[in-house]
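Letters are used for the chains, namely A, B and C, taken in the order the chains are written, and counting of residues starts over at 1 for each.
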Amino acid sequence: MTEGLDRQSFLRRSFAIGAALTVPGIATELARAGLDVVDPKRLKKTLAFSNWPLYIDDVKGGRHPTLELFTKQYGVKVKYTEDINDNAQFFGKIQAQLRRGQGIGRDIIVMTDNTQFPALLVKQKWVEKLDKSVLPNIKNLQPALRHPSWDPNRDYSLPWQSGMTGLGYNDRLTKPVTTIDQLLTDKKLKGKVTLFSNMGDTLPLVVLANGDNPEKIDDATFNRALAKLQKAVKAGQIRQFTGNDYAPLMAKGDVVAGTVWSGDMVQLQADNAHLKFVIPKAGGAIWTDNMLVPSGGDAYTASVYMNFYYQPKIAAMVEEVVSYVCPVRGANQALLKADPKAARNTLIFPTQQMLSRLHIIDPTALVNPDYQRKWQKLLGA
Amino acid sequence: MTSTAADLPTTPRRVRVRPLAFVRRHLLTAYALLAFAYLLVPIAVVIMFSFNHPKGRFNYVWQGFTWDNWRRWDAVPGLSSALVNSLEIAAIASVCATALGTLIALALVRHSFHGRSTTNLLVFLPMSTPEIVLGASLLTLFLSANAQLGFWTIVIAHIMFCISFVVVTVKARLVGFDRHLEEAAMDLGANEWTTFRKVTLPLIAPAILAALLLCFALSIDDFVITNFNAGTTVTFPLFVWGAARAATPPQINVVGTAIFAIAVTVMLVNVLWQRRSAAGSS
Amino acid sequence: MSFLHRHRGLVPYLLLAPGLAWLALFFVVPLGFLGHQSLEEQNPVDFSYTFTWAWHNYSDAISTYHPQLIRSFEYAGIATVVALLISYPLVYWIAFRGGRWKNLLLLFIIGPFFVTYLIRTLAWQTILADQGPVVHFLRDVHLINVIGDNDRLLATPTAVVAGITYNYLPFMALPLYVSLEQIDHRLIEAAQDLYANAGTAFLRVTLPLSLPGVFAGTLLTFIPASGDFINAQLLGTTRTFMIGNVIQSRFLELTDYPVAATLSFILMAIILLMVLVYSRVLGTERLTG
């Protein structure tokens, strides 16, 4: 299921594709499609876009071809900052200003739906409504992602990428790790395992390993999962709880196995070719990173950008480098000619069978203060 | 007279050199060398890895030598703007803090007034408060005042914690200052302001400069207080913090090495210049 | 100028005003706000706060986080002692054997400090890595599980303490140097004239005279080290978290301001208490110049 794609060939390939697609043909095609609906006078001069690191197409020199194409077409410069490293940390930075009705100097931010923050932002009305009049390409959104419980009509958000949470392991340092139970109890892995500190990432996997349903978590389910984790922590099985900083540890070989994100493992293979990703036998989790417009941001320009991104050809360019799950229908067809290997990579374009084994976490569990307190205690922080 | 001194029996002042003393003497030197190695090895690692050529996102394993990182040090998005922010903040904060702190130092040393011990306490307390408390309390203030967190809140925070260091540095020089020079100037007809400008200021200038440089260094390196009060602005240490989680490009080591090299050069020049002027005046 | 002549008494106050105003506004007042915040309670649904004279915040904080509090002082204490043991001989050597090169040698101590704190700590991640030379050596001499845990050094308390020791070493070394350097060598010679050997001279003359430096150095090291969180974050795990990590995450991630404010005050109070006791034990030393 995993592909050994070398990061350098990623970059080379994306550059090649970018070059091929930048040829006048595609540019005029885009122009014809886009400019009809958009009123250039309403566009801001600069779009401030905050995102996670390594989450967009890039070539050597730090340039982003898709953003450059956007600028070329609409004349809007994009100030792209990769300053989101953790949902809670980023939210902590911006919530004070948002609560006072102040802007945060951003037009688009990206937050994950397996934390309470997208739901909170929408509920508190700290986000602007998208302008659907310039978003005809919303029709390209994958059907499965169209009606999340916290934004049923996609009035405030659009997915940027989806991802799978599963098991990662280093096949040079261990035999394949295929179940959560193995991760938590195999003595050979003692002290070399990491788990996600975010409850929304780790909890569904453990709940599934217990045979319970992560989409409906009650107290008994939660306590069973917690007990399993506590046992592993006490036994010294877990080296540490991490955010996205498990990646350097796996790359170095300090950590042999752990819960990981699908796209990361593909990207990390350039650091360490022995890293593999699997969906646990009992099932894995799927989450979505969503683009939101914080209050004070320009919803019109942001919506124009989102519409631009939701073209299969553009999404394909990003997908090819990022290697997470693409929310835009048709992107894999767009990739087929330029990069058939990526187009057929099931980590990027998962099959129906895979999707059936992936679950979303019960959003009410994320906001339950009792669960949060117990979870913090587990982390020992 | 000297012959009398030569006639007196003298007690030997030096202990006879024995083998054990020899070992002891050089043991200390050997230890000192080890300790220096301990201090410098991490720095060597930083410098070495600035030349590393990692294939992937992280810079923890040596994979080959390259000049690329130095040639294209700003190839990492966000690094150069973070560095520029840090330099600007450090420049503004150090100038302001040095000015404010020097005034306080002058008052403390030269004048008598009520509330001297309170002033001492107020100046000393920030240095003995953990940074995390300083940063957190300022954040609380800014939030209550509805201030926009960003560049200027960082500057304000940096000025605050630097003032104490300036006072201590300048005060040390002022205390050992020979007032006779000023009195001489005034005897020769200079008024107070002229005396200050032409005699005092040039003589305490080295201390003011040292304080300025100290502030600059503290400001550029500050992480904890800045992290609390930066909002979405990014300074170089904040950039490194974020990078440590996602990808540690070698360019971070490049900038770190560059800052280190510049600082050490400045200090080296200072030390050598002091030795020269000391040699000249003796 | 004549205004100032007539109002000579005003001059010091004019000099003090701008700086002290800045400190008052941006140091004292914020502490007041922090105190106010420590007595608030947070509404968990919409993250807003109400002031309720919540003194129970303090008892709650201590009962929930006393492991981290104790751990912080433990790590900071060990690091301070180790830093003292490492720096004293080194600084002694520079002060007494350095001769003309003293200032230059000091540069070696201060120099590393100019590499950004975070970058220095990341370098330790490389040095103490599982596949690195230090761990391999410790494994070979079978000391790895004595010093570390589970065949590794990173993500153990040892690594955190090692990081703190290294990062705060200059704070210990420089005050020590200042006081050692000021010792009048004639005193030592006098002791030797009175038939003291090198060891006795050191114990009876040098060491006591260097105590002010030891005092200043240990304070300057211990106080910031106990509030540190970066070493625990980069070199440790959630189970080596110090009180600084808790305060930081409560402020910046979980936005549980009242708890964070409470912990900050508790930290400051404990530090002040320790400093008072310490200065009593060592005799009244004047901290401010």
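As a convention for this text, contacts are C-beta pairs under 8 Å (C-beta built on N, C-alpha and C of every residue); 3 or more make two chains touch, one makes a residue touch a chain.
All of these numbers come straight from a predicted model, not from anything done at the bench.
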Next item on the list: Could you quickly compare B-C and A-B and let me know which has more C-beta contacts?
Entry: B-C
Notebook entry, point to check: Taking each chain's centre as the mean of its CA atoms, which one is farthest from the centre of chain C?
Noted result: A
Notebook entry, point to check: Using the average of all C-alpha atoms in each chain as its centre, how far is it in Å between chain A and chain B?
Noted result: 42
Note to self: Suppose each chain is reduced to the average of its Cα coordinates; what separation in Å results between chain B and chain C?
What the structure shows: 16
Next item on the list: Please set out, as single numbers or ranges, the residues of chain C touching at least two other chains.
Entry: 129, 131, 251-252
Margin query: At least two partner chains per residue is the criterion; list those residues in chain B.
Written below: 60-61, 244, 248
Next item on the list: Find every residue in chain A that makes contact with two or more other chains and list them.
Entry: 86, 93, 96, 252
Checklist line | Contact footprint of chain A on chain C as seen in their complex | finding: 44, 46-48, 129-131, 149-152, 154-155, 236-239, 241, 245-246, 249, 251-255
Next item on the list: Write out the stretch or stretches of chain A touching chain B in their complex.
Entry: 6-8, 50, 52-54, 58, 60-62, 80-83, 85-86, 93-94, 96-97, 100, 102, 104-106, 243-245, 247-248, 251-252, 267-268, 270-272
Item checked: Partner chain A, residues of chain B touching it in the complex -> 54-58, 60-61, 72, 75-78, 143, 146, 148-150, 230-232, 234, 242-248
Checklist line | Interface residues, chain B side, partner chain C - complex | finding: 11, 13, 15, 21, 24, 28-29, 31-32, 35-36, 38-43, 45-46, 49, 60-61, 99-101, 103-104, 106-107, 110-113, 119-126, 128-134, 136-141, 144, 156-157, 159-160, 163, 167-168, 171-172, 175, 191-193, 217, 220-221, 223-224, 227-228, 236-237, 240-241, 244, 248, 252-253, 256-257, 259-260, 263-264, 267-268, 271, 274-275
Checklist line | chain C-facing residues of chain A, complex | finding: 86, 88-89, 91-93, 95-96, 99, 120, 124, 190-192, 197, 233, 236, 239-241, 252-254, 369, 379-381
